[in-house]
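Chain lettering (A, B, C, D, E and F) follows the sequence in which the chains are written, and residue indices restart at 1 in each chain.
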């Protein structure tokens, strides 16, 4: 169960309205790696958590914090939209500055949400839950979380660079700092889990059942061998079990596939000179040649 | 530019048709973490790569390999669908075994694709490109890739466990092995990049500009302090810069937001007893009280 | 800012696992009118609220409660999935009861979420934010909310009828009761707003600017006049301003549209016998007739 | 069955082309609450109607009218796009007015539809049928319809305010008037149904089966008690059955959830110090420690 | 403007309810190539038509007919759902036949639509308008239409084969016949347009501006030369302008791409040993090495 | 299996950066008829091909080529984005030319992809696999392919017209030429298949089973008979089997539908004066009238 307190986690006060920037800021609210994504991802990971209570509690801590981040950004966007010049007036049309704002805004901020934030990204695409993952395997999911916080901090930094508004930058500096913490947090949790199990997810599948000949081979499918110079191409594998091998000319190990014709009731392709299997020849000729109906 | 060779990278031959399993196998073809995702994610990362050639080449190597994985699974699915009892016959309806197959199949495998694989997941949802990321920051993206290979291997293992068909298991054992390699590969590439820069993405944003008071604080937003026991709650931070701090009772640091009323032309809410700003009182009364029109 | 308390708002304990029912229950979690929808709809309405504080506070109260409902249903689903017979074994395949479960489950509950709830509906379609609305006009939005609670309660009742599990029914009886309250709540809020303004949204647009001849006319576009018997076809209009009128044979009042040909650079349709406007005749003939290139 | 007559229901003739406004106008054609939504929503409600013929006929009347509204707006948009300066010319690039148009247009209006209307909203997002509902319960659906007409009229009014083109305003004044009627119409139909049954949807579920302790309680989940001042917090409930109650400090009534570990074949999380249930210890150690493969 | 007449275009009466088949039949209602697609595709092509009136009228004729097809199938589905055993009873659970129905149904037919048709396909995925095209070029669009009618008839035939219900087959035999006509119709319209212009869309682009060396070359990118045996590999090209040429070993004609590093404010990748361009070295070292903050 | 060669199939070098054009160019990369669509459509058709090897090989040839086209356009877009003025500076804001670029760019090109191409269309909508079809019937699919190449070439031509950059035009002239070939190719393959079977897809369904009375009738559902003048309204049908017939006044041939009331557990509509079937009268009255609970 949840409780709400009216104060924001941190200030969200722009120095000036800026409807064009409001559109951009939507990316970290309702985008692929926006706050809605981490909020819903962490909450579902927490609710589905089938493990040690300290993990569940930790995930719920951060999931609950992320709701507050969604709140801060939504509040910021609503204020950036204050007084947006939506109403087209004769005079306004002649002012290039206003024209630029009119052109650069998300029209739904005026028409649909009435100068409110929307649960969408910077091109107006709605947030959807396929952005999130809760797999039931914590190590897998913590890697998803580290990725989300990495992409997220990168986007916030880019947005920080593209405004000079002190109030906006102040709020973003808070979010950037929290993302610093959250990247650290998931790295710590990953380290803890990796020390307890093999680094390869899932660690419980007997490796003897996999095709071990190719478990540590780097295959060179793009001409040129620049890729042989990386850490991934030679030396001890990261899981400590084997050594990387560089396969300069990878060979096909499989068959040339030949699919059977489909059964007659599928009405698949008719090949030149063939009558499809299961179709009576006379029937087929009738179907193909037909006869005048009228 | 690309070339295709007809042999599959590895065998994809089921021992028996199994249309119900074909539906499930779609998950690792066209699902959120299926082969289409890694294929498109790696190809776009490669095409957009603005860095050292060895990374670009490496990404293109693996991206090109993934096209072959899509091909193997698609081929497998088509064969699992061979002879599916699509046609409902009087007799078939009475056989519970056939009934189970008819009920468990994806109907689009019969109606839409004519016993072919579809670029969708195990519930028939189409693949879409918001599953992928190419951010222009390799460290961020390699974390995305490690996550994708972790979720992917987990799903393949689960699918391995839910069939006993030797041919299917043989192909999956190959994919599991490649995912072992690919997790190792991304871990190696991540290690290499992290040694060259700070572990926090992006490493080029001056940390003095973030709100450093909260950069290493774990905040306890879910009651109970089980979360204080983890690696993330105390000790040196993972980036080596500071120490984790556990904030048992996090406090709000922001304002209680108060948004301004919207301008009149937005036609926002009318509050009890108020006339909306910018609306002429007489006009508003007319609008509210109206008069008989007929 | 938000805080989480570990106790659920109400018990969510099934008497028995039931993976097929778990799939159905997803509808009221991540469906069009599931709890995720009202949760996000109310939170965004609250964050964007530009009016009287009592409305904003009320909306945040209910929005915060809905997060708890999402939590309850997610928790219930995870338990309904306990011990689902995902692993296909030789023996299991022969048991029709297990077969039915295997066929009726959502495969993603096993492959993707590892027996956890997913933010999707009963056919596995992901939740998306176009299910929600926050328009900046409270009367409009409270009608959206009344609709959501009406559709929602209807769906919960249908799900109640399709299980006999006492634990599930207990939780649903709580949700049904809350939906009773929430329908009452929005009706109350609507009544309060309607008493302050005209019932037609938005009430601030001067009705003199609309085409008043058709503002109260019911138009009979489907043959037969059964529709003339309803309250909407005669008598005082609901806004108290005019009287309903029944138009038995509605007439077109507009033009027959004739669009101009598109400019040449659009490369629109070429009509028989015409050269498209703006294209040089010789050039067009050249384009149409071409000449041997090899 | 349907018949088409070439005259539009009302005039759709802009005074001047305006490609930027064409983009905005798409919102009420193919947006969440655009004319395509009410058209498809009403048609499906009519086709699925299992009740009194007068309702079915009424729904088909309005559903059929809405097709004509889609037609009018599509026609208007095509004309607003007439002569759009799609072709970039050296001179044009230097004219800021043309530049503004080029920047503010939806590029798909030029590239994809060749200056035609598209079945999308004002940010180019495609219309989809999850915008609609036909639940089989008329009272529920009429509330959905009242909401749709409320959101719809609000959006049309906002679009009216953001143009000064007399021809566009003339058409919009017709749509606004029809929305006035349609809001009135659904209010009338709702009143009629509510008089015949309880106002709570569905009215046929015995209220004794719901958790009646919480059926009329307003719960204060956001700190501060401003919400206690509303009509929803005290007095007779709107369904006339009970009285509203204000719960200032709502208490959790449910358990602290504890999920069981997942079965071994799910390959869920491995907790520090644990061997997952169902996994043989030796096997797990082998999996975790591995041995050199090469 | 449109009018509705209550009689269906053709009978839609199943001989027996069949909720599992109802789910499948949704494919041709709300699927990628279902009747909703052709209905909306033709209507938008008609409304956007900028050409000869006979084409516009013809398109509106068929578009209007397709609304009637949607109506027929929706009506059929509602009846196939009559009396579906949604309510799970102790006894029912034990009957494998009922169990099969419960498992094979679309759960939304019970929970969401209350035994009504839904605007979705056979896996419950909502119809969306990206299934349609109206390009402003009639020849292009008529090819889209011929494709839609080909895919559509194929799907209806497959559905015909998978039921034995005489009432359903009767309705489908009507739809199959209309698709016969509609394929003929679009072939006729295509022939007419191709006789007036070059067969290559768009015909108004001067072919001298294209890279003519490759305008008629078949390129062999998959090893093996089976593809050289087709009509497309040699002989006169279909547009009558040139001859097909078979390129057995296609060569790359382009550069090896080298992208510039991104500007500093993008915070792209940091390469080993490099300081990103535009970043001050000292600043970068500070950012990378940091210092203890606490 | 696939191999990648680093050279592009053709040059992709813009003469100048142009971030606004980069946004538009996305349409032919990740749009409905962009290169990703034909790439995935052809690959799946090839992998699912159950026919003559020459078709499979041909499809794989072109599918593999299309990957190279995706590569070229992605490379071009990344270069068009070079040095985009993302960082908003005080001075820049005052320059209308820079302002226009900032307004016309896709913000995700800066925030999300870091100046890289994205797998989306020109309005930022993600590519999804419902754009593609592989039906198992080659004639049907080749018509889909001809349509895709027609829409595709039309879009490329429109994009060619809207830039004057010689480097961009050079690359587009190559793509236009390849689309010329590909339209020719599919026309050739269609001709070959049509000569082997009836032109109506699928050709294997016995025409005696369709409702032959309406198999060749053009029905006039839009008033006015302009549509009678086309090739489709009279003369020999295109399949050579019958003659077209023009039905000036089409008649309904079906029933007026009357659906049964839904069962009680669906909680459908309650009609005025009725007690819903299956509901006990006393129970219903109780439910409707209720009694005071407090």
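What we mean here is this: a residue touches a chain if its C-beta (ideal position, glycine included) is under 8 Å from a C-beta of that chain, and two chains touch if they have at least 3 such contacts.
Just so it is clear, the model here is predicted, and its values are computed rather than measured.
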>> The A-B interface: which of E-F, A-E or A-F repeats it, judged by over half of the contact pairs being the same residue numbers?
In response: E-F
>> When contacts are scored as defined above, which chain pair ends up with more C-beta pairs, A-D or C-F?
In response: A-D
> Rounded to the nearest whole Å, what is the centre-to-centre distance of chain C and chain E, using the mean of the C-alpha atoms as each centre?
Replying inline: 24
>> On a C-alpha centroid basis, what's the spacing between chain C and chain D, in Å?
In response: 5
>> Where in chain A do residues touch at least two different other chains?
In response: 1-9, 32, 47-48, 50, 55, 57, 60-61, 64-65, 68, 75, 78, 86-87, 96, 100, 103-104, 110, 112, 114-115, 123-126, 128, 130, 133, 135-137, 139, 154, 157-158, 161-162, 192, 202, 205, 207, 212, 215-216, 221-222, 224, 239, 252, 254, 257, 259-260, 262, 265-268
>> Taking the touch definition from the header, please name the shape of the chain graph: line, ring, star, complete or other.
In response: complete
> In the complex of these two chains, what residues of chain A are touching chain F?
Replying inline: 20, 23-24, 27, 31-32, 96, 100, 103-104, 121-125, 154-155, 158-159, 161-164, 221-224, 252, 254, 257, 259-262, 264, 266-273, 276, 279, 283-284, 286-294
> In the complex of these two chains, what residues of chain E are touching chain A?
Replying inline: 154, 157-158, 161-162, 265-267
> For the complex, which residues does chain C have touching chain D?
Replying inline: 5-13, 32-33, 53-58, 60-62, 64-65, 68, 72, 75, 78-79, 82-83, 86-87, 110, 114-115, 125, 128, 130-131, 133, 135, 137, 139-140, 143-144, 146-147, 150-151, 153-154, 157, 160, 173-174, 176-178, 180-181, 183-189, 191-192, 199-202, 205, 207, 209-222, 224-227, 229-232, 237-239, 244, 250, 252-257, 259-260, 262-263, 265-268
>> If we count contacts the way the header does, which residues on chain B are in touch with chain F in the complex?
In response: 1-9, 30, 36, 40, 43-44, 47-48, 50, 57, 60-61, 63-65, 67-68, 70-71, 74-75, 78, 112-120, 126-130, 132-137
>> For a test of understanding, state which residues of chain B touch chain E in their complex under the given definition.
In response: 1-6, 47-52, 55, 86-90, 96, 99-100, 102-104, 106-108, 110-112, 114, 123-126, 136-139, 192-193, 195-198, 202-208, 212, 215-216, 239-243, 245
